[in-house]
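There are structures below to look over.
Paired with chain B in one complex and with chain C in the other, chain A is shared by the two complexes that follow.
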Partner chain A sequence: MRAADSSSWRHALLYISPYTFAAIGIAISIGVSVLGASWGIYVTGSSLIGAAIKAPRITSKNLISVIFCEAVAIYGVIVAIILQTKLESVTRDYQHTAESMRAGYSIFASGIIVGFANLVCGICVGVIGSSCALSDAQNSTLFVKILVIEIFGSALGLFGVIVGIIMSAQATWPKAT
Partner chain B sequence: KFAIASVFMWTAPLLILQAYKRDLLPGFSSLSPEVQTIVCGLLAVVSVNVVIAFYILSAMREPPTSTEPKPDPEFVSRARASVEAL
Partner chain C sequence: MYGFEALTFNIHGGFLEAIVRGFRSGMLTTADYNNLSQCETLDDIKMHLSATDYGPYLQNEPSPLHTTNIVERCTQKLVDDYNSLLVQATEPLSKFLEYITYGYIIDNVVLIVTGALHERDVQELLEKCHPLGMFDGIATVAAAHNMAELYRLVLVDTPLAPYFSGCITSEDLDDMNIEIMRNTLYKAYLEDFYTFCKKLGGATGELMCDLLAFEADRRAVNITINSIGTELTRDDRRKLYSSFGLLYPYGHEELALCDDPDQVRAAVEKYPPYQPIFAKIEYGESQMLDKAFYEEEVKRLILTFEQQFHYAVFFAYVRLREQEIRNLMWISECVAQNQKNRIHDGIVMIF
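For the complex of A and B:
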């Protein structure tokens, strides 16, 4: 092995602690999910408030869109709590074994999956919710049809959460023998 | 109603996750750790969706309100007159 390999990028990446990856994954799962949820809520909320000036009847039904966006944030919280319970301490000797690295990468990947799926889901539901409020104000028969589209949009976040949970289920750390 | 639904949406999954942590869920300890994680996570997600479904049902059942503002008739007649003058 060349002497330069010990200072290569590959060496640096491989020797980052798996706990770093796990912690970043947990942060991304909650942080980016809340980003998506808040984006959706402000897009929907501003349209809803504007449309409700002339048509106050739309307020109670169109809060469903805000509820969908909030659910996106809750999915991020659920997965962050599950990932946090998966963190276990291992001794220094076992920190860079294959099983530890696998656990760290699983938690990291799970956080990225959930975070970014919820980000796009929140934006999607927010934009659809905004259109729903504006069209409901004009014609109340359109509400149910647009709600169906919103339900499909919300399912995108669910796909990410399910895959993230399955991914995190196999995060096991080595036991000291 | 929105506030109550929000509170339930937050507390239901957190209660399920706490029950899983404290081994309060019956029959859980017989499952492998991977299956426990998956089942607990899916239960929490399903509880959120159940709350959403209840909120949608209750919102759709609300009677329609007739509180829409009516335009001022004098304003409407003046506006119509100005359009016809064009």
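For the complex of A and C:
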């Protein structure tokens, strides 16, 4: 690996260890997913509690919305575990070879994809879940209909997970000979 | 940030919004009104209401019932709902909720001042005041003889103080300038509320500005109709119109010149949203106008429940309950006075 000028940004980026990128990717995958999940849960939860005061029957049904949000965090955990199994140690000589760099970047990208897909998915499911709780309290026939919308919303997070896992398959480290 | 309230609204407002929607679901439906209109006595009404949210409030009312008892207990329900919302609210929702009561405060002040002018007993007047519009020291309002005094003695400590700047004169109070004071205060209040909602922005701003614009236009029409044939000059009349709403500014110019109800109708009918209101009533029939406006208002208020993550539902809830209490009062009066065939003339179905 050569960089033109030893004080340039490009130089700096190239010499960051691929392990740093990999670790940040794993952190984003779980951290941002949990952020999305918790965001969704509070949006749903605050409406659910309020609506349940006048219509207590909705509480156990609408736990499904909370579980959907929770699933988003679980995606993040799963992907983070998959990503960390991709980490292998290579000797110092191979650390900055093209293959190591690719492995580091692909884990990083995979983490970002999963993290942000799950963030927006969590918010989406949370907002729908909140509407679901409010409308179920008024008219219980609406529950199933809104649940369908919610399922489609939570599928968005799965797309991120699938792409993230495929992406992480790119992470192969050079074998020390 | 318009369209993104969904992300952050629930931090402070989600719980209360859900509660107010729960309250809404407890309101009387068309079926309830049909049952109520079959009632023969006030005790029947009480029995029908016992299955609704009003039940616990009417439970311990001893017979014989009077219309005023029923209305008072039902108003108490609204007040309790409102207070339970207010104590849990945080800024800016608490400010918003307080704004809702200012209208009642104005009405109460005017009620007491007018009553005192006609030498009525203050205690009796206080009982007639709307409980949402009470404030400390309201009884001393009766002691004032002119507006400057009224302001200095009492109202400087109330939220109404800033609205008073438009109408402080040292003239003695009489029926005419009390009415002018009411409308000037109301104008200042609506404008202030309007700016406040606009500042909140988002869905709250959009919906509330529409509702307040309708309110302002309705007041403009009512002021015009009520001032026809009085000594109020055109310029004075123009000063009482709020500076927003659909009729502002060109409609107001036309309204200021009107001399009879049909001219008012012609001026307002040019605005498409108000056409259906006037389409319902015959020419020369201005008494029905109030009801037509109430119906339109109820329709608009109900529509606010179709959107989520905004404060207009709180406003709508208080207003709808208010309408419901008016309906109950009308039904009870009809039943008490044996005018059952007139029941359907006066009620505005809500759901």
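In this section, the second predicted complex is superposed on the first by the 173 of 177 C-alpha atoms of A that agree within 3 Å, B and C clash if a C-alpha of one lies under 4 Å from a C-alpha of the other, contacts with A are read in each partner's own complex, and residues count from 1 in each chain.
Note that a contact is a pair of C-beta atoms (placed from the backbone, for glycine too) under 8 Å apart; a residue touches a chain by one contact, two chains touch by 3 or more.
All of these numbers come straight from a predicted model, not from anything done at the bench.
Aligning the two structures on chain A places chain B and chain C in a clash. In the superposition on chain A, contact of A:L158 is made with chain B only, not with chain C. Of the two partner chains placed around the shared chain by superposition, chain C is the only one that A:S46 touches, whereas chain B remains out of contact. Of the two partner chains, neither chain B nor chain C is touched by A:L119. When the two structures are aligned on the shared chain, A:L134 is found in touch with chain C, with no touch to chain B. By the touch criterion stated above, A:K54 is placed in contact with chain B and with chain C alike.
After overlaying the two complexes on the shared chain, residue contacts for A:A71 are found with chain B alone; chain C is out of touch.
More residues of chain A are touched by B (comparison of chain B with chain C).
On chain A, the surface patch touched by chain B in one complex and by chain C in the other comprises residues 54-55. Across the complex, chain B meets chain A through its residues 1-2, 5-6, 9-10, 13-14, 17, 21, 33-35, 37-38, 40-42, 44-45, 48-49, 52, 55-56, 59-60, 62, 64-69. Listing the residues of chain A that touch chain B in their complex gives 54-57, 60-61, 63-64, 66-68, 70-71, 74-75, 77-79, 81-82, 85-86, 140, 144, 147, 158, 161-162, 165-166, 168-170, 172. Taken in their complex, chain A has these residues touching chain C: 39, 42-43, 46-51, 53-55, 123, 127, 130-131, 133-134, 137-138. Across the interface of their complex, chain A is touched by residues 6-7, 10-11, 14-19, 21-26, 308 of chain C.
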